[in-house]
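The chains carry the letters A, B, C and D, assigned in the order they are written, with residues numbered from 1 in each.
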Amino acid sequence: MAGFNKVVSSYEQAMAGLENDMTVIAGGFGLCGIPEGLIGQIKKMGVSGLTVVSNNCGVDGFGLGILLEDKQIKKMVASYVGENALFEKQLLNGELEVELTPQGTLAEKMRAGGAGIPAFFTATGYGTPVGEGKEVREFNGRPYIMEESITGDFAIVKAWKADRYGNCIYRHTAQNFNPMAATAGKITVVEVEEIVEPGEIPPSQIHTPGIYVDRVIKGTFEKRIERKVTRSA
Amino acid sequence: MALSREQIAMRVAQEFKDGSYVNLGIGIPTLAANYVSDDISVMLQSENGLLGMGRYPDEDEVDADMINAGKETVTASIGASIFSSAESFAMIRGGHVDFTVLGAFEVDQQGNIASWMIPGKLVKGMGGAMDLVAGAKNIIVTMTHADKHGNSKLLEQCKLPLTGVNCITHIITDLALLEIKDSAFYLRERAPGVTVDEIREKTAGKLVVEGDIPEMRF
Amino acid sequence: MAGFNKVVSSYEQAMAGLENDMTVIAGGFGLCGIPEGLIGQIKKMGVSGLTVVSNNCGVDGFGLGILLEDKQIKKMVASYVGENALFEKQLLNGELEVELTPQGTLAEKMRAGGAGIPAFFTATGYGTPVGEGKEVREFNGRPYIMEESITGDFAIVKAWKADRYGNCIYRHTAQNFNPMAATAGKITVVEVEEIVEPGEIPPSQIHTPGIYVDRVIKGTFEKRIERKVTRSA
Amino acid sequence: MALSREQIAMRVAQEFKDGSYVNLGIGIPTLAANYVSDDISVMLQSENGLLGMGRYPDEDEVDADMINAGKETVTASIGASIFSSAESFAMIRGGHVDFTVLGAFEVDQQGNIASWMIPGKLVKGMGGAMDLVAGAKNIIVTMTHADKHGNSKLLEQCKLPLTGVNCITHIITDLALLEIKDSAFYLRERAPGVTVDEIREKTAGKLVVEGDIPEMRF
């Protein structure tokens, strides 16, 4: 099954084809479940003018936050960006554009993008600044707004394990936005902790079927914790 | 006397029914988990993709891949399920979560809520709050009755940009428990020692007081 | 966790509350992954005027087909109904109404119903009889039709295993429409082969989280095979 | 001489590229799986929720919970994934399946296809066909070039109710391989021994014949 071997051996190969002004959809919630090495490669490549779609924009010096250092991000689509001083600075300076999107709407926009659904209706955001300028329609007497789906030139995803066909599973809450991101990239790159043999993940337990995945790379992860809280604390 | 944060959380917890699925916002709402009666069980939903959120981990249980929506390390309780953000918000938006508890800057007598944006101040984002207020069956707002300058947060009409419309049914403040219906705040309970007059004075929106208003019991 | 114990011990309890003229969403694909005992209970209850939403309507004498025998179904929403002589007869007699819906649209209508999305756009069915009378809108130069979501008074689901909190997993291709059906019922009843202890199914492998499930019953299954084909054949 | 069903399937299989995800309809399309070159691999998608459909089972492998979209017992190949119908059609609708092969009653020069409904006859349903033709990247129709009365199935405009519009790019009949573009059928290959004249005679829609038309090779 040579044609289905999606494993690449270098980050250069993993992100080959990424160009200025492209849209990148990234999995992750805060610093949990983020494709650390792929983000590092984007920084190394120095591409700029990026539109990045991700729930958050990392923190200063880690995660997507490192792409702010050289002003590689033109526009951020996210639900919460409050963890990042550099982000605030660039936003206030007008160097960075942000499109705040409710978290559930963001997840659904990615899913819809991957599933060939160009738009859907949701009550979320109706009557708020999020609903401004969007079409309103009533169903069963309740008003909803129309939201359009999102697709990206690239999707960068962090999974726990994948086989060479691209079948992925995620670990614990590091799943978050990754499965939807995986469906929504023209080119989907998955960075994993471990590459396993096909068949090792039982077919019904695969979270992301390989059909969505173009490239798989084994990474190493720092897995920084944003807020370590323990029972004794 | 005005309730402490812990007392507000205690009163919130009394609202939960056995078998409730509950999403708790950051701050006072999160504290409510500590005061759930031993007679009942609730299951906590964390919108990053965890149903059945457990206690904080011991030092040796800390796992970067196991966090809650506040990005804190956490554990899963027995019988928990873990899923994607799309599935998590399908649950929320689809009305499967029984109670959502969250803080607010303002609530008005239409049940509108403003909780995420103060014009002129830096906006950090709404996170999952707009989805939660659009989707949950019962939404309880916890907040102080008035701001530190004494201005009421229970208004005829919210002044700040909204998080959601016609969605709030209950408010538990440091002074009272109120229900919103028919475009008014119905006073249901007073904090121990707080008079109806004080509540009336600090409620800018339309307040309805029917009969004797009991004190909260803890 | 008494409040979360969803296990019931009789089919009467499992389907309590089902009344004439209600809408029932049923999982299953052909005869694969169907809640055999719950269907049997509906027959036994004798309720009529039902709208049944399911990919197929069983076969003569098995699966949803048995609900035709006493004319309990008023309307069928399905993608394919070609396996059933009694169905054809009632349809031609005008005793039965059918709303043919493309399979993927049907799956998405159920998912959307459970997810609080009242309508979505799809290219499927545009320019065909399915698109007639539906709103058409262009996105990126391609025409799409608007489809509304489906919810039911009851959803009847067949899972492999569930715990008493209602967390379910499905076996092989008996998954099919079951996960979406499970989300779309006001009352969702799951019939399973085995009830396991909470925690036995790892949290990240649960297909249907218990929040969607109201009742769980252990059933016995005939699992009739529609088209047995073997390698030697 | 007109191709047999097996020969049509063989010619279909030549279209697949190494690493293709392919959905095969019932009938001749399903046969194509038997003729995939040993040099390449394709993965079969079955729309009831199986990616990586394998061979039919041995007698002792038969499992009622393991079927394909034709409701036949089947196996999963190594590396297969199994998922819900919603996920399956997310793949299909979202354009992730590389090839869909299906039969038809009629195809027209606009790429419209009619394959599911004959007015006056009992309608069994479209199953997943409308989703497949709306979603796949490359759609190959297999059918006889003309019906048993000799009437062409390649039309200027479909007469039967449609399954999808502007979606068919390739047709492989018992007589020819044709590509649809610019509102015409472009003749690309002839079945061995079949003349361009015979194909022209049996093609009601606009046929474009550019240069020498090679015979199919098997």
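Just so it is clear, a residue touches a chain if its C-beta (ideal position, glycine included) is under 8 Å from a C-beta of that chain, and two chains touch if they have at least 3 such contacts.
All values derive from a computational prediction rather than experimental measurement.
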Inter-chain centre distance, subunit B versus subunit C - centres from mean C-alpha coordinates, in Å: 35
Between subunit D and subunit B, distance of the C-alpha-averaged centres to the nearest whole Å: 55
Inter-centroid spacing, subunit C versus subunit A (mean Cα positions, whole Å): 32
Residue numbers of subunit A (touch at least two other chains): 108, 111, 115-117, 122-123, 171-172, 175, 203-204, 207
Set of subunit D residues in contact with two or more other chains: 50, 76, 82-83, 89, 92-93, 134-135
Touch-based graph of the chains, sorted into line, ring, star, complete or other: other
Chain-chain contacts as defined at top: A-B, A-C, A-D, B-C, C-D
Contact footprint of subunit D on subunit C as seen in their complex: 29-33, 55, 78-82, 88, 91-92, 100, 102-108, 110-111, 122-130, 160, 171-180, 207, 223-233
Subunit C - residues contacting subunit B, complex: 1-4, 111, 113-117, 163, 165, 167, 183, 198-199, 203-204, 206, 209-212
Subunit B - residues contacting subunit A, complex: 46-50, 55-59, 62-68, 70-74, 76, 82-86, 88-89, 92-93, 112, 117, 122-131, 134-135, 161-165
Subunit C residues touching subunit A - in the complex, by the definition given at the top: 108, 112, 115-123, 137, 139-140, 142, 144, 148, 169-172, 175, 203-205, 207
Subunit C contact footprint on subunit B (complex, rising order): 17-21, 40-43, 45, 50-52, 76, 78-83, 87, 89-97, 134-135
